[in-house]
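Below are two complexes that have chain A in common, paired first with chain B and then with chain C.
Moving on to the complex of A and B:
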């Protein structure tokens, strides 16, 4: 069984985002990391591989710098690495999804894991969209997955709590926060990963013709600054704050 | 402009964000058709003013949640611009409707103008994106970001029966750790962090929450350190994104990942003993105090309201 995991490189959650000339200044991003939910997806992909055997393919679509997260994935156990070299920032949702879906098809994977939403776009469209294109069953908001016979059992959040669900192949799991952290690589893993080849593919290699984006970015802007707040010393100020919440803010 | 809305439902009721979807659709010149998955809330939807017509989408697949099956059953009913709420469930359904219809999708809009110009927060609210869709597209909207349309409508309701194969079998439903209000739904939230010292001290937060009808949230440090604080209470980058009218952070330092989930709250109160805690930079009202001293006073003051 081939397992695919979709990993996206995003500005680290601690990185400052600056806007200049109506665009987010990517050059000013101090650190790039794997998107947080993708780490959970990767951890469970490794567990599936260890549990049932099979090959784990890590796939990313992004500019040259993005291959770093594939090497990071190899350091913890990903077997093969696929980099769709294409700047995804100017694409609309279906362009990205078509590229990823074609790459998955090429690997022959029957189960795909990804994050529920990326830390840059905050969308949550890619997993379900890719599943739809491939005709895979989609399970979102997953916090755990394991193999059972020929299929899978997953835990997902539902409005009334949690649900344990079973699905058969082919399927896709989009990960929410899980109970387990991603494992850290050891020195041997890091050394091995450095030697691992990254397969670089262009959209043309995948047979995908990039249609023009049907959504055009007009501008990025910085969020509206909040007026500076009022700060009070000591618990004796609580009545003042509560009366302000009632009379100034009108929220209680 | 043809606009189709996929109604948001909770159990057997229409969720209030549905009227906000109608308000948003009308603001871009649409007379929306509202589709009610599973037939839930059709009568109520027909009374929202501005609705063109209501389609009660009945079908076996709506008995449980399989986003792919829902999308297959709903997408033939969708025309033009397709809108839904940006709840986790609806994002998943809408993304698949968009893929089936081969239209682009923009999630979590907080602003909408005809044309169609869409505004949304990106990078967890560290930047705002404005983009223009040149044709039919799918748009999910953030709850409470748009004015709800009033009642007084009387749209026709038609019923269709469309089902699709279900691939996700629910084996077991595990109830929430508590019957308390969910942070994602609450208008007032009081959250505790590692500064609460011990999970048993969250009882002070629950007591206050009960007085004002608030939900209790937590920082990741609290959730990860203490087993008694369930994961579904976590607010932040890897927890829930909330936008209540009032957010009270107690013993929370205000790490950037926590701020990512709550900075869009209308009013923020912070209680922290460290005057330099970063949470004060986003607080409208900051109280420099230990919670041991501040919470009893807060309980008493709220009790007097």
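Moving on to the complex of A and C:
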């Protein structure tokens, strides 16, 4: 069984984001990391591989710098690495989905894991989009997945209750925050990762003609500044504070 | 606030990708598994066993040693590991230094094939803990005059004497002990449970509280013949171990300094006195920029030394300089950081006082600050000043 996991490199959640000329200034991003939901997908992909054997292919689509997350994936146990090299930040989601779907088809994977959304764009369309192109069953907001017989059992956890579903192949799981964090690599894994080749593919290699984006990005802008905090002193202000907490902050 | 490792000259960009991945792995371990537990470990005076397990799982023990289940990383990677561990706590780094450089290394370099095959895989995986017994109650800076003796009894050796200040002693399965056999210093492998061997823990430390420090006591301790290290005689044995450990400390101290700088920077930006953040005052900025200056110099020193270590073009005096300088500045930075934190600086809510107290030990062990001055003095002048004859 071939398992594919889709990974995206995003600015680290701790990195400072600046906007200049109506665009996020990527050059100013101090640290790039694997998108957090993708880390959960990778961890469960590793568990599936360990449970049922098979090959784990890690796939990313992005500029040259993005291959770093493939090496990180190899360090924890991904078997092969596919990098769809694209510098075109103007690509819309459907372009990305087409590229990823073609790469998955090429690997022959029948089960795909990914994050429910990427930490930079938060579109949330990749998983469902790729599944629909491939005709795979899509299960979203997954927090756990395991093999059962020929198919899979997935948990969907939410504050209002849990749902357990079973699915047969071919299928795609889009991960929410999951029960187990991505494992830490070890020195042996890191040394092996260095030796694993990254297969670089262009859209042409995948036979995908990039149609003009249907969604075009007009501009980015920084969030509005938060209003300054309010300060109250003395016992006399208690009623005001209580009413603000109740009526404005909705916390009591 | 997430940890922001000061690297003003981007010295880490000189690391290989593999070395950076090792750095990130260890940093993640320290963030998630060490820092949340360190203060409790210090209060309880214990080295948490789960850290031993995870150091073994990560595969960082005996980092630069090759073969026999050892990681086979570069000395540069070993330095980076020490730095990241000591950013957490000097006691954690001490554990790794002793295991790798002081216990595994002598077996790896001076042991028989059988000894290497038997001990090293178990020590690299963290299953067995090692310790290194050189210092004695009456012989610290001057280990050459040690009293501990081994006697050849035909079918075994008999060990008598006592070691003191031995890191990991009480929790170790394997002790590499230096003792005189017919007046010549030799290395012996003593195992936990050997007849006549005890390792009581030393209590009451104000420094390296999360590290176990012990005495090793040998009373007619019987050692099988195949437990002597065949490959070395004299002080060269323990000193070659110390060279590696001291090299690691020259990196480790930077981690402690970076942690103190990071905390001092954050604190000074948020602490308001006289209506403004204390970071806006020149005296505080002077302290911070001095820290930045010294950390940057220490990083360049450690990195260049690592290249010499990997290339094999180093001399022990190079290591003395780096150990002495980097621990010295780390201790001064910890003190200045403690000062910047005001009264908060004495609380265990901040890491600065813990690092400061730890670094007092680090300044003393592995050759005191002044012993390294004397080593350099001898190198410069050709005159040894360790001892003199009183007229």
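Simple rule for what comes next: the second predicted complex is superposed on the first by the 228 of 252 C-alpha atoms of A that agree within 3 Å, B and C clash if a C-alpha of one lies under 4 Å from a C-alpha of the other, contacts with A are read in each partner's own complex, and residues count from 1 in each chain.
Everything below uses one rule, namely that a contact is a pair of C-beta atoms (placed from the backbone, for glycine too) under 8 Å apart; a residue touches a chain by one contact, two chains touch by 3 or more.
All figures in this text were calculated on a predicted structure; none of them were measured in a lab.
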For this session: In the overlay, answer first, second, both or neither for which of chain B and chain C A:210 touches.
Result: neither
Exercise. Just chain B (first), just chain C (second), both, or neither: which does A:85 touch?
Worked result: neither
Exercise. After superposition on the shared chain, which partner residues are touched by A:14: those of chain B (first), chain C (second), both, or neither?
Worked result: both
Problem set entry | Partner chain(s) touched by A:147 [first = chain B, second = chain C, both, neither] | neither
For this session: In the overlay, work out which of chain B or chain C sits against more residues of chain A.
Result: B
Exercise. Is A:71 touching the first partner chain B, the second partner chain C, both, or neither of them?
Worked result: second
Problem set entry | Touched partner set for A:177, first chain B, second chain C, both or neither | first
For this session: May I ask you to decide whether A:188 touches chain B, chain C, both, or neither, giving the answer as first, second, both or neither?
Result: second
For this session: Considering only touches as defined above, state whether A:167 meets chain B (first), chain C (second), both or neither.
Result: first
Problem set entry | Intersection of the chain A residues that touch chain B with those that touch chain C | 14
Seminar exercise, completed: Counting only contacts in the complex, chain C reaches chain A at residues 2, 17-18, 21-22, 25, 28-29, 57-60, 63, 71-73
Exercise. Contact residues on chain A for chain C in the complex?
Worked result: 14, 68, 71-72, 75, 184-188, 190-191, 193-194
For this session: Can you check the complex and tell me which residues of chain B touch chain A?
Result: 10-11, 65-68, 71, 88-89, 91-93, 95-96, 98-100, 102-108, 117, 121-135, 137, 167-177, 182, 188, 212, 231-232, 234, 237-239, 245-246, 256-257, 260, 266-269, 275, 280, 282-290, 293-294, 297-298, 301-302, 305
Problem set entry | Parts of chain A lying in touch with chain B, wherever the complex brings them together | 11, 13-14, 16-17, 19, 24, 36-37, 92-94, 97, 116-117, 119-129, 131-133, 136-141, 143, 153, 157-168, 171, 174, 176-177, 179, 213-223, 226, 229-239, 241-242, 244-246, 249, 251-252
